[in-house]
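Heads up, the next two complexes both have chain A, just with different partners, chain B and then chain C.
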Partner chain A sequence: MTDIKRLHPSALMLYFITVILLPMFVLDPVILAFSLAGSVLCLICVKKSGEKSGIWLYIILFFGITLINPLISHHGETELFFINNKPVTLEAIIYGAVSAIMIVGIIIWFRSFSLVMTGEKLLYLTGSVLPKSSLILCTALRYIPLFKQQSAKIRNAQKAMGLYSADNITDKLKGSARVFSILTTWSLENSIDTADSMKARGYGLKHRKPFSLFKYHVSDVVFTVIAAMLAAGAITFAAVGGLSMEFYPNIVLPTASPLIILCYVFYGALALLPALLELKERIKWKYLTSAI
Partner chain B sequence: MRKKLSIALLLISVPIIVLLGFTVFADKSYAYLSLIIVVFALAALFLSFEKKENSARQLIVIAIMCVLSIVGRLVFAVIPAFKPVTAIIILLSMYFGGEAGFICGAMTALISNFYFGQGPWTPYQMLAWGLVGLFAGLLAPLLRRNLIITCVYGALAGVIFSLIMDINTAMWYTNVFDFGVYATKIASSLPFTITYAVSNVIFLLLLAKPIGKKIERLKIKYGI
Partner chain C sequence: MEILDVRNLTFKYPNSDRNALSDVSFKVNAGDFVVLFGETGCGKTTLLRMLKRELSPAGEKSGSVTFCGTELSELDARTSAGEIGFVMQKPETQIVTDKVWHELAFGLESAGVSKSAVNRRISEMASYFGIGNWFLRDVSELSGGQKQLLNLASVMVTQPKLLLLDEPTSQLDPIAASEFIATLAKLNRELSLTIIISEHRLEDLFLVADKAIQLKDGRIAAYDTPRAVASRMANDDPMEAAMPSAVRICKALGDDSEPPLTVKEGRAFIESGYGNATRSLPPVERVSGEEILRFSRVFFRYARELPDVLNDMDLSVRKGEIFCILGDNASGKTTALSVAAGLLKAYSGKVEVFGKKISAYKGGELYKNGVAMLPQDVQTVFLRDTVKDDLSEISDDFSSLPFDVSPYLEKHPYDLSGGEQQLCALAKILLLKPRLLLLDEPTKGIDAAAKRRIIKILRDLKENGVTILLVTHDVEFAAACADRCALFFNGSVAAVEDPETFFSENNFYTTAASRMSRGYYDRAVTVENVVKLCAENGRKPQ
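After this line comes the complex of A and B, so read on.
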């Protein structure tokens, strides 16, 4: 098996959907801890080395959500203190913290998802079901860098014509508006060219299939089967074992029956799958370099 | 087939999900259930767009307008809530119909969030901007005739966009829907709501005439 970035798009999609499904609906501390740990490790694996982790944002989000809940919800038996004659309860704070962990975990999963699922992979997935929307997505993605280049060109041409902006702000704004107007006209006219060229090359003809570089390898099949089995197992055991935590009026932790422990094991393995793959690759690399 | 699929998504799947939410997941998962329903609504609207006959030219023009609004959002990123996105979506709907406006709105949210950060809010933004375009398409003859009505619609669209996004954030705070929290959220985001509405009017006043003229010319010149 290879690392997670090189997997087939549909295998990746399946993995990300299944991994966020259980923490979405079960507020259980162990599941959420696995989800958070898995998402952070996955982000570390897929993130480019120089990229910011944005950890402060997540910490602020965590405390924000934790503190807002007890101010809104006054259920629970253990009253800690009063604000405006309304009780702030321990249960509400814990509920806030648990749901904050869940939300932060999901947001980190989303972040890894958008790093791993590049535009090309997304297009491959949506191309067969939503061909026209995918075409728009693909064209728009290509035109964004083109717009930047073209606006620089227009700006330079304007400067060469002596229309460079003077020091005052109205002149600058007028100049920018002119560049924007030219850019709009150019892009609209240019788009017709693109469309005609597409038509000439046979866009929209019957019996044409989209081209793609993605192939289903053995490793993709293995990954998909493992992920699907782990997810199905975790969800089944959670449903059969009655996994749920109660917060109000008292905190009742889920009892550790064998079924629920199985659910934890399955979900833990699922959430840590990307990190395990990365670890396996690293070990293999070390072994290979030491063999030289 | 696609039409049937989109009807099935809306008429069969959504009630099933709501029922499941009430029975199986009694654990107050409002935020997620509504997220799933929003995704289904988007899927149904996208599928109904796919079923329409569109020429390659129309599709590329829609893509270009998407890029204009995305670049607009990127350029004005420094000023919170002050963006030309809604104005451009409304203008596109006026000349190319509601479906085009919907796609432009949804795609702008999706693609620009590759730069601003994807998250559970993306489907809500897609739906909110998409609906702004869809309704502008319904009112298109009226909007084309009168710039004042267009501006009023733009201001309303800003308020509605803000209200839809507030539903999302209010539910994420507590994972249930609570009118008190929602009201607090609306009150706290009032400056943003006003900025949305004002910026939409400003950009519509600035862009309606020049961009409208360009689109009209394109339609006449190339017969789109």
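After this line comes the complex of A and C, so read on.
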């Protein structure tokens, strides 16, 4: 099996959907702990060294959500103290903390998702469902940098003539409106060329076949099957075993039946899958380098 | 065997009172490299587009175009799209997708080729064109030359038999343009690909082409080998200025023999035909006034973590001179100009304009009868729907302009040709009545006639006391109009000299005329210089 970034987009998509599914619907401390741990490890694996992890943001988010819930929700039996004659309960604080872990975990999963699923991969996935819209999106993506560049060039050209740069707001607004209007003309002009170029290269012929550089390897099949089995198992066991936690009026932890434990094992394996892959890769390299 | 047979092709655009093409007939043999040339507006683009069915304009058409024995309109759609390739002028706008690999695959995707075949063909094409290193990149990261090469490669993936190119190198710098033409020559030689290319710059193309077609007002004026076409061309033909330097020297001397094309032939022509008792022309008198623009120890970079683009740059431009900065692509010439125009700020060093620090000019003060800059992309100067509205943004008094813009006033600026657009953009800038004019690549994408006109305008402006600082790749242009030249290298200027010294001492960064005459004549850097010397020395007795 290969490093997670090299997996086929569809395998990746499936993985990220399944891994956030369970923690989104079950507020269970063990599942959430696995989700958070898995997401953090996954982020460490996929982010480039030197890239900011944004850890402070997550910590602030965590405490923010934890503290806001007891201020809004006053359910629960264990009253700790009163603010404005409203009770702050232990249950509400714990509920806040658990939901905070859920939210932070999912946000970190999404962050890994955005690092792994580059525009190209997303485009490929949309392309397999909606080929035409995907091509439009593709040309649009091509146009954005062009548009920005041209806009900057026009502004500079106008500035070097001393136009629309005075400290006069109406003048500036008028300038921006004119720049925007000429940019529209410019885009239309250029899109005629682009359309010609598409036509000249046979766009519109029947039986168009979208091409991509992505190949579906055996490793993708293996990964997909494992992830799907783990996810299906975890969800089934959670449903059959009645995995649920109650917070109000007092906290009832889920009972540790064999089914629930199986559910934990399956989900834990699913959440840690990227980290395990990475670990395997590192060990392999270690042996490779020592062999060299 | 002929691959293309055009018979009595006449075409008229709707709402036009004259024919864009009249009675055009010619045949092209398979494997020929044909160059199509003529003045702007003579019908080159129309003719090329009439040869590619998907791009043929709508209008009244008569006559026939036959490709490989089949009338163009009866060709199967797949054959028509795949076997006739078309590359357009602007590198940017004909790219459809955002990734290099996807762009290469586009034509094959359309043709419905299977995935493994696409993979093989684009890999092969990428390695043939040397695209391998940037195969996975975003197209927005490529240079103009790379973009045009990508356009060529993405047309070549469908294995066309006929390749049509409409001024493909006009937006490229001379080095990228020569490379592009060399690639075309290689395709022609190695794959016996038939090529028809239209272009303004003929210096390189005339050497590699098998045939040349001259169009004049929609009619074929000449169709023969380049040498024969050059030989028969009248001296007052407007296209004479676009001919290779060797041809121009020969024609200007009134020599009716078969003209030389290459530098080597040109040298032989001069040395065998003309004496060199007088080796050089009297030095040109150049007066210059006080210092107008001064860079001292200027450093600039775009972001803290990026390298210096201007690196300890010193520069001094004097009143009433035309100062040319030459240099490679992406060497920082445009950046230097933008710093002088106050668009970018140096992080260290001093920039003084008219004896005052540039940072001391507040608001638009610098641009009021002071500095004005004509950017490389002249389209960016226009904001309005007509040229008149655009010029009126600056001033309504067009009488002060050194040239006439009245034919263009009611037109949309984007509807003008490259040369006309440039003229109108320059007009807008000149209405500011600048004392220091900054020009970025003023000869990009314009034909030989427009280039001549711009040289004349710059000389007139100089007579009127305007100082001009320009950056250019175009050595012929710089040799013709500069008072002083400098080579931009490694973030600063090296070797500031008068053009005669500059070009006669450079080995590569120099004009064809200089390469032809060095060692035989001294300090002859333009065609006019060489012609004058030859005429002065007279013909050698046979």
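Just so we're on the same page, the second predicted complex is superposed on the first by the 253 of 292 C-alpha atoms of A that agree within 3 Å, B and C clash if a C-alpha of one lies under 4 Å from a C-alpha of the other, contacts with A are read in each partner's own complex, and residues count from 1 in each chain.
We adopt the following convention: contacts are C-beta pairs under 8 Å (C-beta built on N, C-alpha and C of every residue); 3 or more make two chains touch, one makes a residue touch a chain.
Only a predicted model underlies this, so the values are computations on that prediction, with no experimental measurement involved.
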Which of chain B and chain C A:Asn69 touches, first, second, both or neither: first
Which of chain B and chain C A:Ile103 touches, first, second, both or neither: first
Touched partner set for A:Phe25, first chain B, second chain C, both or neither: first
First, second, both or neither for A:Arg208, with chain B first and chain C second: second
Partner chain in contact with A:Ile182 - chain B first, chain C second, else both or neither: second
First (chain B), second (chain C), both or neither touched by A:Leu288: neither
Touching partner for A:Met161 - first (chain B), second (chain C), both, neither: second
Touching partner for A:Glu120 - first (chain B), second (chain C), both, neither: second
First, second, both or neither for A:Ile169, with chain B first and chain C second: neither
Where chain A meets both chain C and chain B, residue numbers: 119, 135, 139, 141, 181, 185, 189, 191, 194, 196, 198-199, 203-204
Parts of chain C lying in touch with chain A, wherever the complex brings them together: 52, 54-55, 77-78, 81-82, 85-86, 88, 90, 92-99, 101-102, 105-115, 118-119, 138-140, 151, 154-155, 158, 338, 341-343, 363-364, 366-368, 371-373, 375, 377, 379-384, 393-394, 414, 428-429, 432, 438
List of chain A residues in touch with chain C within their complex: 119-120, 135, 138-139, 141-142, 145-146, 149-150, 153-154, 156-163, 165-167, 178-179, 181-182, 185-186, 189-191, 193-194, 196-211, 213
List of chain B residues in touch with chain A within their complex: 24-27, 29, 32, 46-47, 49-50, 54-57, 59-64, 66-68, 70-71, 103, 107, 110-111, 114, 117-120, 172-175, 178, 180-181, 206, 210-211, 214-215, 218, 222
Contact footprint of chain B on chain A as seen in their complex: 24-27, 65, 68-69, 72-73, 99, 103, 106-107, 110-111, 113-114, 119, 130-133, 135-137, 139-141, 143-144, 147, 177, 181, 184-185, 187-189, 191-192, 194-196, 198-199, 203-204, 239, 244
